[in-house]
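Chain IDs A, B, C, D and E follow the sequence of writing; residue 1 opens each chain.
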Amino acid sequence: MALSIAHTQLPEASPSIDGELLIAVEDLSLSYGSGKRNKQVLGHINLEIREQEFVAVLGSSGCGKTSLLRILAGYEQLSAGRINVLGKDRVSPNADVGVVFQHANLFPWLSVQNNVQFGLKMKRLPKPQREEIASEIIAQVGLAPFAHYLPYQLSGGMKQRAAIARTLAADPRIMLMDEPFGALDAITRENLQSMLKLIWKNSRRTVFFITHDVDEALFLGTRIIVMNGSPGRIGTDIANPIFEDGGSIASLRKNKEYSFLRESLLERM
Amino acid sequence: NSSKSGGKDKYPKEVTIGYQVIPNAELLVKTKGLAEKKFPNVKINWKAFDSGRDVNTAIAANSIDLGLAGSVPVAIGVTNKLPYQVYFLHDIIGEAESLAVRNSSGVKSVKDLAGKKVGVPFGSTAHFSLLSALKLEGLDASKVTILDLQPQDILAAWQRKDIDGAFVWNPILSKLIADDGSILVTAQQLADKGSITADVGVVRTAFANDYPNFLKDYVSVLDEAVKLYRDKPEEVAKDLAPVLSTDEKDALAQTKQLVWLTSAEQSNAKYLGSKKSESGFADVLLQTAQFLVDQKQIPSVPKLEDFQAAIRQEALKK
Amino acid sequence: MNTRNLGISLLAVIIAFSAWWIVSVSGAVSHLFLPTPVAVWKAFLEVINEGYKGSPLVTHIGESLKRLAIAFAIALLTAIPIGMLSGYFAKVRAFVDPFIEFYRPLPPLAYYTILVLWLGIGDSSKIALLALAAFAPLYLAVVSGVSKVPKDRINGARSLGAKDWDIFVHVIFPSTLPDLFTGIRTSIGMTYTTLVAAEMVAAVSGMGWMVLDASKFLRSDIIFVGIILMGLIAVLIDVLIRWLEYNRVPWKGKE
Amino acid sequence: MNTRNLGISLLAVIIAFSAWWIVSVSGAVSHLFLPTPVAVWKAFLEVINEGYKGSPLVTHIGESLKRLAIAFAIALLTAIPIGMLSGYFAKVRAFVDPFIEFYRPLPPLAYYTILVLWLGIGDSSKIALLALAAFAPLYLAVVSGVSKVPKDRINGARSLGAKDWDIFVHVIFPSTLPDLFTGIRTSIGMTYTTLVAAEMVAAVSGMGWMVLDASKFLRSDIIFVGIILMGLIAVLIDVLIRWLEYNRVPWKGKE
Amino acid sequence: MALSIAHTQLPEASPSIDGELLIAVEDLSLSYGSGKRNKQVLGHINLEIREQEFVAVLGSSGCGKTSLLRILAGYEQLSAGRINVLGKDRVSPNADVGVVFQHANLFPWLSVQNNVQFGLKMKRLPKPQREEIASEIIAQVGLAPFAHYLPYQLSGGMKQRAAIARTLAADPRIMLMDEPFGALDAITRENLQSMLKLIWKNSRRTVFFITHDVDEALFLGTRIIVMNGSPGRIGTDIANPIFEDGGSIASLRKNKEYSFLRESLLERM
């Protein structure tokens, strides 16, 4: 999957993968406010995401990463251009597109078990089946002993794992994640990175993953997008040349292309 | 509320009577259960009220069938076209309501009240009597500080020496007398000079039309109570004492300060009379209302005929 | 009141009680103004044993609590749905708010006469007065609760497949629970302080009526009994609701 | 009420008004129960031009507002320092709270007779009743405000050299400002709803007394004038305080 | 100042500097709670910090870094051992020890100008003098155009700069900082790191600086401490061999010792 690249220049071409086209964005713009207060946040975004891609999105603060994700999730309406997510032109939040935020956003009145079951309940799945699926996924993210805890009884990392489990349980075709590990300490963060990688390896679910950590992007993304400018646009869009199916950030850093890639990406932010 | 049944000779299944704790015939009827005895098949609901104002409101709200209110609230009610009529005078207020002044205040006559503070419950018979007393003595009401006080607040204010006088009724009146007070004017004296006040029985007109016989028979029960009182006042006092929260002796004294009248006596033209056109009490109500207008308490007053129409003499007739 | 300083709270009560005792027994003020603790205790026993004016004490307490409970239930059943709609749909809120904003600050006694005229002297006007007192704080709490629901919590639920009705039942309602409980507490408080006003007209039972009646006859001892009783019952109700809250909304303040 | 849906709010008012007009003019209910808008308007003009029972309308409004203002000032001057101490020193709070918890839910009418016995029938008992109604919500807001001051804000101030008194003046007081304003609004609300009760005894002026007196004489039109007036003035006061809050505490809800 | 170290092993010895001894901690322990709930958080900490040192503190989440800082600041009392800060055995918060937290903790009702003046006001400095000093420091952290803004009108990075300015204005002898850049995005973070480094270079004020970012520690600290274990203790305490007076994290990464140092430190967390 990794394209080989020259050491002196990054390939600007978008990667060509054969999977089904799940997300297509054409000439998208977004403005907030109206009249004098109008502020264009995104301008002329073009983007295609296919099945099985893990797209890591980098970009300086305020360049519009979150805004783009919210449009893809149907939380925000674009101001101009065209969008198509899973065949629909008018996107509204639905169970096929899962979302995980920086802050876990769990339902505080539901136990971990019930939070994870939420999506299944909405699908009107019978209770025993719901419970089985949820328990399995909870075990997978290592929260089995805490299944009956309420969110406030969990640490930040545990909450984040529960949130990921909840989205996974709903079995969306696409997962949109907005700096899901941003609020965590280094150790927890590394654990969750490995967990996410493993999950992706097993399910090959399409992921759109915003981060401000270049190492994280290089570790997780099969493809890396860098956004910049104001209004924000996509400046760089490459296949990750050093993507490995397993490994760790530490082993990544030993890759000889790593330092160069890192610097190049930072520069482009 | 009463439920209607059958023709005009029938009793209602239920009747709601709004009474007040005043030592008169109706309180005796309630205390001794005379009405329950007389109407075994009628459910009688007794509702206690503190003021004629609330009785007016209750009648207007269709919540009671019979009620007891002072002549002043009734004059206000008739002026406002409340759908009720006077069917009985429960008592003429004699010495039960009086103007008491504190001895140490140096007030010897009504005229001395100028510049003093006097408490009275506004809109009550006592309020009317106080204003009448001032008018009779030619003292402008604006020269006296008249405070709107409920009886219990009158006593509190009296004890604290916040007021110099009060026009009020029992049990508070006797407490004022006991505490350095003396009586300047009684309602009896004012009545003698034409300013009559009374505690009045009113009935919802619709109820009276539906159950004329019940009303007649209820009046006969009241008459029975008056006779009982005239025969054995001590026994009556003994019955009423606990209801009045006082002792027998005081209860007897209190009953004597009110004039109890039988229906026959009330048929006199001086009182309710026997014909619409010759009801002394209609004049009293008109005078009361006119007086309230003069005192700027109410905006306008209806014609005498309206007051005459609000007297129902039928129930008095045997 | 936390438990750590319970001793100090107890001390405060004891000091207040002693002050009352000393001042009233010393004779510095008339017993009419301040009955002695002994007199109040005797009045309490008297009311316990013989009742007050025809009804046993439990009837007085029961009648008052019944009125409060019915009024509060009416407020709950109306304020929660209306408040949820108002909180969610700005237009509903714009329609309902003028009425709330206008009647909320009105003294209950100002419109009590009108209520009695409309509903009569029975329990319905009393209950209506209490329910009106209960409605506004409950409604406002629910509205504020709903408008505080994070937009992204609703979005998140939709992304998990929740439809409109699911959102109401499974997201908005539970989200407002903490605010609802706060609202319930203020609401019951407001209702309770209106109790005496409600029992002013044509009542012959109820704690409020008892105090009013006692004050008509200047029975300071009974007034004190009534006040102390009402205060203690109010504290009990509040403790009960806090306990319920603690059990139903354990995550409150910890989100 | 936001401005975007002002039209809908206006519509609500117009609908309510029309409903009133139609029902009252149709004659379906007695004018005693529901006077016509025209009658109310006439009564309003009458009260404006001739006053009510000896005092011009402005005097009635002024007297009520004066009582409210004095009572509220007393509550401010007592509740803020006591509340700050209670919030800061758990022991002070343990001492004060039993009294607050006990009297707060009591219906004002329950203890009004006692207040009249103690303070007389003048304005002082009225003001005391109103001040007591104002005190509890203000005190509770200040206590909650103080106990919400982040521990590390105080520590931080100490690390910048602040001493005990500085902490109170420069850290705790401004920190509680947002809660204080919330407290002020509920407190004024509570005081206002007690206004009629306060003017029940020995008043011959005041908006509350006007409504009470009008109901004695079955003047529904005046009752309506009084209620509408009281409602509008309350809304005005609230707008004023919100404006003050917006100007004094611009960071509220944005920390 | 930098000790030279062997490439295969980190020197475990505490660095020897000649400055005055400002902080001395001996056998310090800290427990929270009592009875059954008792939890020992710090155990047998020994630490000496001298004038002009910039001590960067690393350590896994929950190992007690913040707790140690709070004890040094006088916010928390130790359970056992001895402590001496600026000659005092009983430490209580005072103007000689400045503290900066992860979240700016500004007074929300004071403008930037007045926040920065706060410490000077507490010293009862006359107003004109206060204003002069504050304005100067505000300009230094690049907030001059925002001096009259209230905190809620500032971005996260601006708030953090104001907080640092506030502590600097009070002119403490020691500055204790607890992940002051933790909540910021990558770009802002780098700017503030450079700013802090510059300020330190000019003032050589003693700094105790907690971070979870190894790069940040290597960039800023003249000395690096790694805490670990439960109860937390000081596992590693070295002079930073690649400390440079100027530079940037990017240039740091080019240092040949960087990768090894980074891995070793991460390992020791």
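Criterion: a contact is a pair of C-beta atoms (placed from the backbone, for glycine too) under 8 Å apart; a residue touches a chain by one contact, two chains touch by 3 or more.
The chain list, named the UniProt way, goes like this: A, E = Nitrate ABC transporter ATP-binding protein; C, D = Taurine ABC transporter permease.
None of the values given here were measured: they were computed from a predicted structure.
Any chain bridging subunit A and subunit C, meaning touching each of them, is missing here; the list is empty.
Listed here as common contacts of subunit B and subunit C: D.
Note on connectivity: the fewest chain-to-chain touch steps from subunit A to subunit B number 2. Of all the chains, the one whose CA centre sits at the greatest distance from that of subunit A is B. Subunit B and subunit E, compared by their mean Cα positions, are separated by 86 Å. Mean C-alpha positions place subunit A and subunit E at a centre distance of 34 Å. Put simply, the C-alpha centre of subunit A and that of subunit D have 52 angstrom between them.
Each chain gets a centre from the mean of its Cα atoms; for subunit D and subunit E, those two points are 50 Å apart.
For subunit A, residues touching at least two other chains: there are none. Residue positions 57, 60, 150, 152, 156, 159 of subunit B each touch two or more of the other chains. Multi-chain contact residues of subunit C (touching two or more other chains): 32-33, 113, 117-118, 215, 218.
Pairwise, the chains that make contact are A-C, A-E, B-C, B-D, C-D, D-E. Those residues of subunit D that touch subunit B in the complex are listed here as 30, 32-33, 53-54, 113, 116-117, 120-122, 200-204, 209, 213, 215-219.
For subunit D in complex with subunit C, the residues that touch the partner chain are 1-2, 4-9, 11-13, 16, 32-33, 90-91, 93-99, 101-111, 113-114, 117-118, 189, 192-197, 200, 208, 211-212, 215, 220, 223, 226-227, 230-232, 234-235, 238. Those residues of subunit E that touch subunit D in the complex are listed here as 73-75, 92-95, 97-99, 101, 105, 107-110, 118-119, 121-123, 150-152, 166-167, 170, 172.
Subunit A makes touch with subunit E in their complex at residues 60-61, 185-188, 212-213, 250, 253, 259, 263, 266, 269. Those residues of subunit D that touch subunit E in the complex are listed here as 150, 152-153, 155-163, 166, 170-171, 174-175, 177, 249-251, 254-255.
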